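Look at the two complexes coming up: chain A is in both, with chain B in one and chain C in the other.
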Partner chain A sequence: MSAPRTSSSTVLPPVPPRAPIVAPAAPEAAVRRPPRRRPIRARLGPYLLLVPALIPIAVGLGYPLVRQFVLSFQEYGLAQQFGQPAEWVGLRNYAELLSDPYVWGVIARSIAFCLVNAALTMAVGIALAVLMTRVGRAARITLQVGLLLAWGTPVLATMTVWQWLFDSQYGVINWLLAEPLGAEGMRQHSWIIEPASFYFVATVIVVWMSVPFVVFTVYAGLLQVPEECMEAAQLDGANAWQRLRYLSLPMVKPVLLVVGLLQVIWDLRVFTQIYVLQRAGAPTRETHLLGTFIYSLSKEFSLAGAMATIMLVITLALTVFYIRRMLRDDV
Partner chain B sequence: MTRVRTSGLAAVGVGLMVALAACGGGSETEAGGDEELRLWLAGTDTPQELRDYLVETFEAQNEGAQLVIEEQDWSGLVPRLQTALASEQQTPDLVEIGNTQSPTFTHAGAFTDITDMVDGLGGDQLLEGFVEAGTVDGDVYAVPYYSGARAVFYRKDLFEAAGVEVPKTLEEFGEAAVALQQANPTGAPNFSGLWLPGQDWYNGIAWIYSNGGSLAEQDGDEWVGALSSPESQEGLAQVQELFANATSAPKDADSAEPWVPFNNGEAAMFSAPTWARWSIDLPECNKGVATDDESEEAKALLAEQQACNEEKTGIFPLPGPAAGEPATVFAGGSNIAIPAKSGNQDLARNLLEIIFSEEYQTMLAENGLIPGNSEYADALGDDVYAEAALDAALNAKLTPPAEKWADVEGARILEDFFQEIASGADLEEASARADQLITDTLN
Partner chain C sequence: MSAARPAPAASARRGSTGARLLGALAVLVALVWIFPIYWMVNSAFLPTNALRRPEPTFLPFGGTLSNFTNVFRDPGFFDAIKVSLAVTGITLAVAILFAFLGALAISRFRFRGRKSFIVTILVVQMIPAEGLFISQYHMLDTWGLVNAVLGLTIVYVAAILPFTVWMLRGFVAGVPMELEEAGMMDGLSRTGAFFRITFPLLAPGLVASGVYGFLQAWNEYTLALVVMTDPGQRTLPLWLQGLVEANKATDWGVVMAGATLISVPVIVFFLVVQKRMSAGLVSGAVKG
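Now for the complex of A and B:
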């Protein structure tokens, strides 16, 4: 349990996009200042203020990460948990995992699932954000409230409702298809028993839960696009689509990059939705993604640690392009 | 602005201090309280009356010692034990654990060897498969706490309408289920002769066991999946026949709440532990009492409702291949053991003796649980439920006592396997695949 959570949350620190700008800017300002030495207390002040943030990060993220890393090179199962010495096995755990075609299947599925979900979420989110800038106040508030509710509902409560909707015996979706729409064959249809159909349901749920965040962030970004630019473009004869494509979107690109990055990270480490759907009766082995697969290894702590480290590397590989681009654009 | 910041920092500081104080306080009481014994019970199966008895008796017999009973949820019990049992500060002193989960911990060295106590606790009278699940190389680490076997509930009126008699053999049972399904006396669109969801391996393995098959066999030091053996295949073929012609239950459901379709008139039979009788609630018997109504009137109505439900419902143990013999069903239940890291070994042994006393074992039986010491099972009573429970339990069998069996359950191999069978997969191929997975997991 702790292994997947650790690895995925350790990915988070690179996220705050603004931090790198502040850091280089500060020394520059200091250089230009007249060389009057400030009292030591004043110079230490900022670092002291960092301490409360650094301690929880070191304890909450650093320790599990180091432990996970160390475990991944050992033989560490239940017996070791109860006091038997842990044996160092070098790269055996990694070799065992990476030589198993099933593991590669899980990795491929996870990456595909992550990219499809992140892309869909971004597309729907941007579309809704643009819609919000165009509609009247009443419609906008209705949309906002709806999105907030979708965003604010606890994930397990949401999952219960979705599970009921797609339930094969008493689900509303099957009833709708069978009764008003007359598709009699769908009355007992199981939505999660085939992996493809399972991922379809999971995608609907994950996208539904992630869209509000994208909408609000992108909407806030779009509000910052200066009215004058849009007006000038309109006078120059740009139509609505061109104004969006060549003006608004490039202006909010930094926002889109950050939100997109977050989506990729979140969708790669998706756990709760998949786990709950599996428990609802899906074939477990055929529907594992990285998160649930690591959890299923959790009795062999060392294997789970190795898999979590592999997942960390995949996350970094998927996001390094984003992060580099973001840094370059900011500088 | 400045003021806000300062108070924010102060709040963080206070929070940290509180957190530190809380940690310190916790370990202090545990370190200093060696006269406090902690018993972990799993789930709500042990009634309050029995818990009170344990506390009173233990404290009366052990001057100055205190018994604290902490209830743990069944779901997530294994990971919780993995961490708690490994720590001297956190470990309970006596712990209840699912019978199929115990091999994982006995092999890991998590429990104290109590072989010397077994004779005093009941010896050969202790439930056999349960003791086996708690034994490693002849040493006993965990003993049976209670068992509950599965029996078949049926609607008498639907049997009558379909012209079906209570079956005497396993074969007749299959025929009855198919006949009920075809007759569909209630006219429900998804009627099931027997409610058998696709992932319900707890019930499904009864056919494997009854035909003499098993899930895995020990071969020297290795465990090997045994679903492909001729005996298992015979049982599985019967299960597949039931899936195809005797049930409309979803293939993506498990054994949870089988009484819901039964109550809805969508199933004529279901198989469950005998305490499922309290969940049967047929519409024609329902008196519409609000769940929070605690008046005398409401209680009387509820009693009437229960009597009506039990009047319309029958129960029988799943019959075996030969008439007059019950089938070999899956034995649910739990074991109890002393964690090796507990600092109160002697007190824990005293409590274990109280649990296996005649008085406590009788109390377990009176509450509908088959007690760990079968000598006292008579106290279950002689109503149809007790009889069905006992008959079923006599022949019941556990999952293989392999060290890593819990991993097989954790990986949900059998759920996936039975789902495949329910979906009409080729028996031999599906069994070979599942055998391979079981073998890989167990070794």
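Now for the complex of A and C:
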């Protein structure tokens, strides 16, 4: 009885479509046992359970975050590597970055890349999820297996395959365009030399990689829409498109919001795909996005810290609408 | 929640040609997603001269295993397997245990600070790790943990924990307290009731978060790139990227063999999961 729930959750990270109800454990336990019996242990219990989870988060994420933030207001150079105290420079690092038109170019490109990729991923993902509810069992499972394979393959493995597919000399995509489709000029075409073409390839890869997660999550959400509602709408004369537009999609809106939020966050911080494509021979300066740009600043720790802080602010700015909505609806 | 209602499919079956067209479309889309994976495996079995023909070879007839033997001849591959296994194993064990305890705390207790902890683990996931890596590198550098399994494990555990806590919290909350209370009525202590009744019911949740953690740690590239700069300490994704750069445009067969090999454990994991999911869908359908 609980099997379908748990096993589908194995595949789908439980993006909280329905906030699980927290069992009000403590008050009842308190009723059952007089609180004076083991008061300290009972009160400390939850904290003791939390500490192991809190320590790695504080050490591995919290401390670097704070340190990076502090250092973004300091001058941290070679002397500081050898123990000299860092000098406070106020907003100089930020001023240096933000007065550089190149940095603004990186920021603009990153935001554009993020929005285009997130929108495409959501559109394709929702379309395929709806498609999955409309087709027979065999077709649905074929599609599920295909998407799962793509989802499961390690990013680096997929990156190498896509490089091979887009290879200028022996890549199957150039062959396809040149031979069956007759575009002779594509025979030796190099896809990653031109920035626009580079971003096109990156978009294809990122969308291809991200769509499976969206499909499975939205599909699981669509299955939650009660059949009775659909039947009632059908009796009232709503066609398939109207049922989707005015019934299913509004009902899975919380899922769409969470998934959309994750796409925006992930696509803004895209690193591996860009980095690997750059290593394949693309001009790096013209193709940097935020992640690879910060990586290229790794020798200038203060600047990297300032840039990472700017990136965090952009993330918050792009997602604040979503987060406020989610907090209002959900938590 | 009945996971799969057969009804939508059934209603589609009624409009036969339209449904058949949609079915064909679904299969076509599936092929788009399968093709790169197929191409990886196909190329891994082809000799170099077949890969460098102007016409691509679409089926690995007359294939060869030499690409795989070339990979196995590379000592770096086995070093990378060792590092990847160590990092993934430790990360998984630590993260699942700690996340389980944390999930227990927030779903079975009410206490001061509970809500702020939940908000923290949600917000932490929005921090772009791709901005943080330089800072993490410097932290590990001061502790002498660069190029160390332990160092990479620390940042991996920190990266995986928030989501696993969140995930397990859902599973723990899904087991009704009444079951435990019934056990306590029958004379079990609270701890005893938890371990004898709730814990076994959480196995699927632990497996799910285990799969998640495994995939994250096994596939991760960015932090590994920053932390493991020494070629002797490469994880498998780093090793594969090294292989690409060493063979660029000369020997895609070996690269594809390497990519296939590092994908195999992950794909096996996913197929196991897929089976469970189909089983769940079927039982949900039967229950109707």
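Methods note: the second predicted complex is superposed on the first by the 282 of 331 C-alpha atoms of A that agree within 3 Å, B and C clash if a C-alpha of one lies under 4 Å from a C-alpha of the other, contacts with A are read in each partner's own complex, and residues count from 1 in each chain.
Heads up, the rule we're going with is that a contact is a pair of C-beta atoms (placed from the backbone, for glycine too) under 8 Å apart; a residue touches a chain by one contact, two chains touch by 3 or more.
Everything quoted here is computed from the prediction, not taken from an experiment.
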Partner chain in contact with A:131 - chain B first, chain C second, else both or neither: second
Which superposed partner A:113 touches (first chain B, second chain C, both, neither): neither
Partner touching more residues of chain A, whether chain B or chain C: C
Which of chain B and chain C A:190 touches, first, second, both or neither: first
Touched partner set for A:84, first chain B, second chain C, both or neither: first
Touched partner set for A:298, first chain B, second chain C, both or neither: both
Partner chain in contact with A:152 - chain B first, chain C second, else both or neither: second
Which of chain B and chain C A:308 touches, first, second, both or neither: second
First (chain B), second (chain C), both or neither touched by A:280: both
Intersection of the chain A residues that touch chain B with those that touch chain C: 1, 52, 167, 169, 280-281, 298
Of chain B, residues touching chain A in the complex: 9, 12, 16, 79, 82-83, 85-86, 104-105, 107-110, 189-190, 197-199, 248-254, 261, 340-341, 404, 406-407, 410-413, 415-416, 419-420, 423, 437
Complex contact set, residues of chain A against chain B: 1, 52, 77-79, 81-84, 167-169, 187-188, 190, 192-193, 278, 280-286, 296, 298-299
Interfacial residue positions of chain A with respect to chain C in the complex: 1-11, 13-14, 16, 20-29, 32, 43, 45-47, 49-50, 52-54, 56-57, 59-61, 63-65, 67-68, 71, 128, 131-158, 160-165, 167, 169-170, 172, 175, 179, 208, 211-212, 220, 223-224, 227, 230, 265, 268-272, 275-276, 279-281, 290-291, 294-295, 297-298, 301, 304-305, 307-309, 311-312, 315-316, 319, 323, 331
